[in-house]
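Dropping a structure here in structure tokens format, bear with me for questions.
A, B, C and D label the chains in the order they appear, each numbered from 1.
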């Protein structure tokens, strides 16, 4: 039985981790960390867990937690995990960091986009970017996993095969992303009030969103050259779900079948990436509550571009689900353990 | 392995049955019945099941199905199950009917409220009303289960202890119910279009909704006398969830603790009924996707009434979940098998 | 041209007042009061007013405002208006208070339910309860208007004719109310975040909501005797709208036509109260953005009760619209001036 | 007083026309055409108009209507208006067609994208594309107005200045559009049911949506050369609103101020196009219910692209509002008459 500790258990991603780990037959939660609610019953914050979770919230004492837990999930604000990281912790436990602290290899880029000084850059190199479908083997041996961002997970998986196979010009990539509001977190802000979000859609972080360099870095590895792209997120009046609509120019004429074969090459054996049938557009509702990413594409012969689409649940494959998938890999379990639930519809 | 057949597998309740049975380790689905989509891939109708369900839709040949299945779920319009029922079917298989056909013992009341002639009244007596927390023992030996309606499940469970213990005057019961839109089914009607439901709330079926006599019958058994009550459902702009707010006059002065003890008497050992802590009001979101019913109450000393509240997911405990719970009882399995998922939030 | 000042112009009710007064041909806004945003452009807070309102926010200096304005609207937290009120202000300007400070004649009841000490009880007697359809004549001569609460407006108008004509037993009245989330205000609270409200419904303030004594007082006047009732509000995932479903026992057998005649007696000539046709249930969407209240009823001969229903926009007839209606009455204008917009659908 | 007839008055755009014309002081509606509801009270279909509109629905006898009306609005399916058009009608009345029949000058392109044979191509040349801000002068003298599509209105206005001034490479334009569900019309389809749209987002009509050639044609005029572009619409779970996020490569380095000056050149004097302040992203909620289009842009120096954004209410500026604006121009009225309402928030 894997002993798991969560720091940041009362955020939306933390709450989803609790839900998933409760359904995981080889893991148990030993620490519900939440600085804001120390000593309060976890189930009094997340009433869905009434009579399911009896524990109270703990503080964020990572050193103590490292002694008790086989794996620590940090679902915390940027900077926290880096500020806590040290050799003692990493020698005692695995760490799966859901924040951005260890995702970007170039610390200068991290510090520029996040406007934070990195407190433990010495661990960046060691950290493995936990996009399971791409880095599966490296993950298995890691001590520190940088769990990918929600937008980067969906964006990278939607575009990766086309870049990797050199079928699109990476300099033409444009990603237009749409996210449910849980991605904005549980902080009490006027902008996230029901009446401000409901019946509304807007872009935000235009040409400046922090997930941009993360996506660029991952696609650069695939391209074998530096990639600069446009990434525009939008806030959608729904709780969960991310939809990616990405555009790029094709390097040569290709048929539907050729591109389909490319996607299948990378994903046919993947449990959690579903390449949809021809002309079926991904919808966030069809993956809600599950760890799936649905991807598809459409070739536009008029403009010689390809439109690549991806949908997933931002709290599952985009956060907690992928974290559990990483945990499974780290501990040599079946990769899909605890993640086999079908999407909920409607 | 229990072989389960579903007739009406492409309605919302049928779709939820598929989701739940896929997660049930002792059951497998052998028949995805859907008259409207015969020979079409089930996953092309419910895209969430892509790469999960490979089967195609079948017709509603119940006689053939009875030969192949250990249990048949009929998630069909009123009248269908009654029109198909015969001794041959019941001698071969168990039937769990999610329609209203066998819920009401007085066939005249059924025919009056549903405006349908009952095609097999000879089986009404035998049918067991599948409200598991109340009729658990009878269910175990039944051949034919009348799976309760969504509103009646939530209403009855919220009020039952107070009526059974004689603490309220049954002639004063008023039930004001609110339901998500999945309760209206998947039929293409203008009234259920997004733009008609969204940003809107309305009462419907006022003083005439068909679930009224079903609730009255169940509460009559508890009261030991005929009960007439008011039941008013409302359509709420959300997918899932039913909330019941019920009112009744107290027969005598009671304290919070006395009433709490009464609720605990009936529900403390129930896996799926959670009596919330003092002053916590049930919310539909806290039970979404799960088989829980959350109940609570508030005494109003000014008016000498009690306000009883209940929340559940109309597609789970209100339909498919309770049907699986009934199946578990029928086949001697652990009652919660396949129903242990925690509620999804947010 | 009436010079109008608003204190609390950046709350949702204040924002609606701005919208309505901008469309009023005999009024102009001279003061956009908002303590939180002093000196900031009003249109930077409510971006819908970009290029429409050029003014910046002012503080809440009511004495200064009294000199500049013919009428002051206070859309402020409970207690503010009472704490500011004095003879000098009332001798210079009319005051329409959208808070509860002057709605309840018995100051002890106010202080008990609101848990505030009233700072100027000497003006309570003088204040006129601004429910225009009931108190029209008194309003015309008032200096200080207590603009009714949202729930009390809809509740009282839905029930009033039945109580006034003595057709129902006032001691049996139960009001089950449902409100859009704008009623909860624009304060940044976790409970009002999109992800907490969306796909959810709950009761709140059960047997303790502050609007209860206000409704009771108004219906007591109609009944000619003290009325105690149950009032339960619910939070609905929509921006605007209140729906009331009220229940009471009929004192004698009545026909649809008799009750219809009673409603028509009070409302047939009212511009803003629409008695719907038989069997048409009020829906909040059908009145959105307008000053209408739609009411209707259904007699249940089985239980000898009547179900009374009402729908309105909580920010218009439930707050800002009624405030403008009161202003029109105070200044001898046509009562519907600036309020003639049809409801917006969908 | 302008006598206006509406054919298709019970669709969502038709309903919005009714709402706007009722608030127009120089127009009256003489014909509520709705083939599906002939002889039924209009207010029984659109209950918001109860006690406001007394008329019943009429058939779609355009010849008769031409005799009675000064202007006919056709809010009808593609092909209808073209099939009815003749000289007699045009000699008697003005026609504002809200369908696509006369928007595209090249009949072959129309017939290809709409898969309809055009029934009166002889009037295509004469028809004026009613995008008021661009074609104001031509509109004034027209007999037949092709009221622009919703997406083309928002897309064209958001991009036009940049193309017209030659600052972007037209071959790089990509438009990612998001629309509320009222754009899908009031037809009873499963895809538009509440439970299918709510908590969901999807792209549709990828690389094949019919509004593509309409946008291309308008931008071609501005560019002075043929423009091919990508246009991808998405369905958003909200009633109203369109948001455009468009991307294009800059032809040269430009500053914010230079681009701002270009937008101001075209829109500073426009009543209904608001160029927002720096870094303020358009939101659909800020224009809801009004005829405004809010536009803004962001330069990305990293990729040398510009992101252009626009938000409007699809039923107002995207349909009925622009139709009324066209009517005002046709009849020499103030262009904003009947369209001066401020946006409704929240």
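Following the convention adopted for this analysis, contacts are C-beta pairs under 8 Å (C-beta built on N, C-alpha and C of every residue); 3 or more make two chains touch, one makes a residue touch a chain.
The model shown is predicted, which means the values in this text are computed figures rather than measured ones.
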| item | value |
| --- | --- |
| Between B-C and A-C, the pair joined by more C-beta contacts | B-C |
| Same-interface partner of B-D, chosen from the options A-D, A-C or C-D, over half of the pairs matching | A-C |
| Centre-to-centre distance between subunit B and subunit A (centres being mean Cα positions), rounded to whole Å | 36 |
| Centre distance in Å when subunit A and subunit C are each reduced to the mean of their C-alpha atoms | 46 |
| Distance from the mean Cα position of subunit C to that of subunit B, given in whole angstrom | 38 |
| Subunit D, residues touching no fewer than two other chains | 12, 182, 195-196, 198-199, 237-240, 283, 285, 288, 346 |
| Partner subunit B, residues of subunit A touching it in the complex | 12, 15, 19, 22-23, 44, 46-52, 182, 199, 239-240, 274, 276-277, 280, 283, 285-290, 294, 340-346 |
| Residue ranges of subunit C in contact with subunit B within the complex | 174, 176, 178, 180, 195-196, 198-204, 206-207, 228-230, 232, 234, 236-241, 243, 245, 247, 281-285, 288, 298-300, 302-303, 305, 307, 309, 311, 346 |
| Subunit D residues touching subunit B - in the complex, by the definition given at the top | 12, 181-182, 186, 188-190, 192-199, 237-239 |
